[in-house]
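Following this message is one structure expressed as structure tokens.
Order of writing sets the labels: A, B, C, D and E. Residues in every chain begin at 1.
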Amino acid sequence: MIPKISFRNVSKSFPLKGGDFLALDRVDLDIADREFVTVVGPSGCGKSTLMSMAAGLTEPGTGDILLDGAPVAGPGPDRGVIFQQYALFPWLSVRKNVEFGLKLMNLPPDERKRRAEHAIELVGLSDFADALPKTLSGGMKQRCAIARAYAVDPQVLLMDEPFGALDALTRVQLQDQLLDTWSRERRTVMFITHDVDEAVYLANRVVVMAARPGRIHRVIDVDLPYPRTEEVRLSPEFSRIRNEVWHSVYHQAPAA
Amino acid sequence: MIPKISFRNVSKSFPLKGGDFLALDRVDLDIADREFVTVVGPSGCGKSTLMSMAAGLTEPGTGDILLDGAPVAGPGPDRGVIFQQYALFPWLSVRKNVEFGLKLMNLPPDERKRRAEHAIELVGLSDFADALPKTLSGGMKQRCAIARAYAVDPQVLLMDEPFGALDALTRVQLQDQLLDTWSRERRTVMFITHDVDEAVYLANRVVVMAARPGRIHRVIDVDLPYPRTEEVRLSPEFSRIRNEVWHSVYHQAPAA
Amino acid sequence: MTAATVTEPSASPRRRRPRPGRTVVLNVAAVIAGLAVWTGLSVSGITGLTGPVEVVRRGAELIADGTLVTDVLASLRRVFTGFVLGTVLAIPVGFLMGWYATARALIEPYVQFFRTIPPLAIIPLAILLMGIGETPKVFVIFLAAFLSSVVSTFQGVLDVDRTLINAARVLGASDRTIFMKVVVPASTPFIIVGMRIGLGAAWGTLVAAELIAAQEGLGYRMQQAQLYYDLPTIFVGLISIGVLGLVMDRLLLLAERRLTGWQERR
Amino acid sequence: MTAATVTEPSASPRRRRPRPGRTVVLNVAAVIAGLAVWTGLSVSGITGLTGPVEVVRRGAELIADGTLVTDVLASLRRVFTGFVLGTVLAIPVGFLMGWYATARALIEPYVQFFRTIPPLAIIPLAILLMGIGETPKVFVIFLAAFLSSVVSTFQGVLDVDRTLINAARVLGASDRTIFMKVVVPASTPFIIVGMRIGLGAAWGTLVAAELIAAQEGLGYRMQQAQLYYDLPTIFVGLISIGVLGLVMDRLLLLAERRLTGWQERR
Amino acid sequence: GSSDSGGGAAEPKKVRFGYIADFSGAAVLAAADKQGLWAKNGLEPELKVFTNGPLQIQALGAGDLDFGYIGSGATWLAASGKAKIVAPNMLGQADRVITYPGSGISSIADLKGKKIGVPEGTSGDMILELALKEAGLSGKDVQKVNMDASTVVTAFSGKQVDAAAIWYPLIDTIKKNVPDLVELTKSEDFYPRLSFPSSFVARNEIVTEDADTVSKVLKVLQQGNDWVAANTTEAEALTATFLKAPAEQFKGSSAVTKILPTSELKGLMADGSVSGWYKGLADLFVTMGKLTESPDPATYITTDLYTAAAGG
């Protein structure tokens, strides 16, 4: 089967004073349709850069990025993106931010309204639906960005540390919601996190990246049953995988 | 003894369409000199607002905020602040950002350079000392903001989710560094986090806040010995306090 | 609550948000000071400077015989038309220049070139191509407004936060949508600056525009007065232009405040 | 690496960063098209429009007898002085207005008022107060540059991200430091817009300024030519002004690019 | 009144007429308006006010105007073929070379080396040049400072020049500040050798293609002119009303203009005096560099039409 997203020998370097900085070095990764892949790795190892290329916002230096087997040609509403820095439209209220993508889909107003309400409720911002971003707390901004991406209901979700600014309870709730939607509607998800527990809890596979240069260090399968529950989280198998991921993130051999 | 920072019956509301929104409701809190207080609470409960008032950047609606017994009159270099949104100067390199506060102290250039280098090294950005913020990853930006606050070496540190964007290993390193500095030089720290483990691991006392309206729900003493080590983290007492905090954050009775 | 506010320690020593009442008082104070300086200068024997009293008298006369109203209406119509056309056109042109390198390379030399050319010098050409009716007058004003504001709009487009554009693109926005829904709101501060400067340019060009066989208008009246060195009338004209410009500027600012309420501001 | 780049799929369909070579080609194409239209108009029998050939001939004459060089130097000196003074003053004044409500309330009415007043109208006053030497000429240009760019600088100050100011304040920065180290760099895009518009205004006011007893200069030469209905000379003047303005504008942009490299840009 | 209109057609002919809103530019039109001369001659005027002559010449060239009025300073535009002069108007005698009392300058010769404010290319400039020439000086012996007319007023009032070549009514304004200013020379000193006629001009095409209309317009102008010549004081007031200007605006204007009745003008045309004035002007323009040669006035003045209209 053709993978949903496929990185083929992708490298990327950025110009820096005194030579190029190699941010990604020959990355090869296939993400299957309906797969949930999480990406972990030390700060600055190129996670965001990788995702941005899948989104079609950054061009790879060399190598190919394929979507359903065809080269990625720019961004599109088939791939929903949650940015690490939220990127809310500051002049629009929470509701209008969430409706932005829906308007572009030419949905009937009723349907649009319904879907926006639903997404806003999902992230617990109903009371702030008419607030402007500048009046939101950090976690609330992040939730608004999540709602905006959820609302358009894209085939592929590219999420860059989407729950990073949330308190533990909200985080768990959103994790479970995400898993629930994903398993019901079978989206493809690429999810960046720095929380190893989260990475294991959510994923089919955990991609462990290494820094200097940014590259894929290991890919670890998570053979835990869905739905993932508190029980799964407490299982010895979970601990084992969790430790394996932790170990491979933090006790990497230096780059070859 | 006069507390270092003292919130006396502080309330704050923001104007909102259709009436005021009460963000903080009668907060009373004393933070002693050389105390390490962490603040946890659900997203939007007013943690950042509280800190911003201690920093002198937001005026309380009613009530008083005292610093060493005197009303806070604006911000000052005696209180170092790490903002939730980093607030780096985008036109300055990492090094220049870190030196910004040092220049205002009229240090001799040598000393300034030394202290900046030290702070940058502490957060692991030495290789990127001359990079501009736009070329940094999310976690690197956050570390730069940390270095900037550390460099001026203030009596009081006000930190708003300072390690939120960091991977687990970097985070642990920075936690230990922070504790190390704090215990050696005895600063006063107010530290906001959404990570209950982190809150307990670092603090003398954990302030648990509740939302709607934002208020202090409980203050939990952490009677664990310093230095805190991996051993402390694994102790049953740690688990107990951790669970108590977790419980009081997430199973709060509705507001009176 | 209000009582408590009074006793609150002044946590922030400066309050930069002006209290509206105070602003008005200071505005008025500034104007009075200006009038005082003016009176002082005119009394102190600087030759050729008319004092306020004389100007007010002349103003009253011009109002009484209806001239001022006619002139104001005529000039206002020209300035308003030229200004609106100029600034409205500047927004898409600024966008094209900021967005498409090709458009920029083609348009920019002309924008830059004509920007530095005095409006007086455009008049002969305008007459040749457009005659002596209203068209060339409005055109000269239009050009001044357009050329001033296009620079600002263009810079605004360049300046739009890239992450916002990316956010719109991943939601499936076309260039047109990005322009209307992201670039325009995000560059509102620049567009407003452009419009304000454009407004100044439009009024500033009025006198030149009304050289083109105008039959009435403030600029025309001032030129006539200049023939006779009728200083009071010139001053009445200047003050009318200044006040009308000020009023239109305030209206623009009001509009801006409604449009950019989303910004974090001091 | 370069070879690989050629075969890479075009992930982003539009490349908005202009390739410098292409820009120049398009610039030149635009200019040639403009010249063609001009020639077309002048040949098509529109009376009174001089064609490029005649203008070039006249230009050569004026260069040959040294007039053009003298005029250019004289005008350049005036414009440059006025422009530099005007824009440099606009930065602190814009800051004062943006920062202190009191300063704003006091200054703003005047800035707005004088902005809409045509420079021609300032001349009598300038002569009265400053005589007929270089001072009033430079002053008129200064005023035009100042009034255009202060609006932009002021808006830039208002627009500075509050979090950056807070960051500086908690590091102990005084207002002066905040101004120099935060507000100025953060509002560079606005300041540059202000300077570019100010530059246009400065050149645009040149003709008016050189009405004040100028003995040489491009504006003076054009007025003379207008008396004599000497269109080729007027065109030589216009083109010289346009080209000089364009060159100065390019230099400003170069400066800007060095100053705002930190920005994320399309 | 169709009594005078040749064809007897009820439809009056529209003419677009430009003028300048000063006494010599508007007095005749005010009279024509007051006395219904336009209708009487089967014309319907569309009057357009301008601030200067060259703009009108340009409008004539662009076909936006049929007739216009120019001061003597713009005569060279007609001489260079841009328009035809259909009628001389009043003779300007308003120009003066002035200085301050007690400045030590009592004659033109004393101007040597002094700073003189003058709007270049105007009748004031011409008077100055002529006066200097007669005093045995040239433009190079004095410091001529070119400035526009209103600048001269300000600069002279502010004592920033030693002398100025300027005209009434601007001198009236100056007198408010320098009441006892000294007039070193005046236009009349050069009459009739040199005169500064203002003129009515017509679009070249209308002269060649529609002489009939030109004649009708000339009749209006001649009749208006005769009335003004006969009733100067009344004309001053009438002009002010016509231009909606304060009555005092034009008081005394006729004192600095020479208004010649049509009959006299006709005579001066016949004996070549009129051509002489224009020739003299054109010669001056040549010395000033505005014209490369001084063409025969017959090429740009339609004497025949004027005489015919006056005679009819």
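Simple rule for what comes next: contacts are C-beta pairs under 8 Å (C-beta built on N, C-alpha and C of every residue); 3 or more make two chains touch, one makes a residue touch a chain.
Keep in mind it's a predicted model, so treat the numbers as computed, not measured.
Note on connectivity: the fewest steps through touching chains from chain D to chain E is 1.
Among the remaining chains, the Cα-based centre furthest from that of chain A is the centre of E.
Inter-chain centre distance (chain B to chain D, centres taken as mean C-alpha positions): 47 Å.
For this pair, chain C with chain D, the centres built from the Cα atoms lie 17 Å apart.
Centroids built from CA atoms put chain E at 39 Å from chain C.
The geometric centre of chain A is 83 Å away from that of chain E, both derived from CA atoms.
With touch defined as above, residues shared between interfaces to two or more other chains in chain B number as follows: 56-57, 74, 85. Touching of two or more other chains is recorded for residues 58, 62, 150, 154, 158 of chain E.
Taken residue by residue, chain C touches two or more other chains at 46-48, 124, 128, 163, 263-264, whereas all remaining positions touch fewer.
Looking at the complex, you find that chain D touches chain E at residues 47-48, 123-124, 127-128, 131-132, 211-215, 220, 223-224, 226-229. Interface of chain C with chain A (complex): residues 163-164, 166-173, 177, 181-182, 185-186, 188, 260-264. The part of chain E that touches chain D in the complex is made up of residues 54, 57-58, 61-62, 76-77, 80, 82, 117, 120-121, 145-148, 150-151, 154-155, 158, 160-161, 289-290. Those residues of chain A lying in contact with chain B across their complex are 14, 16-17, 40-44, 47-48, 84-85, 130-131, 135-140, 143, 160-161, 164-171, 194-196, 246, 249-250.
Listed in rising order, the residues of chain A touching chain C in the complex are 55-57, 74-77, 79-81, 83, 85, 87-92, 100-101, 104-105, 132-134, 148, 152.
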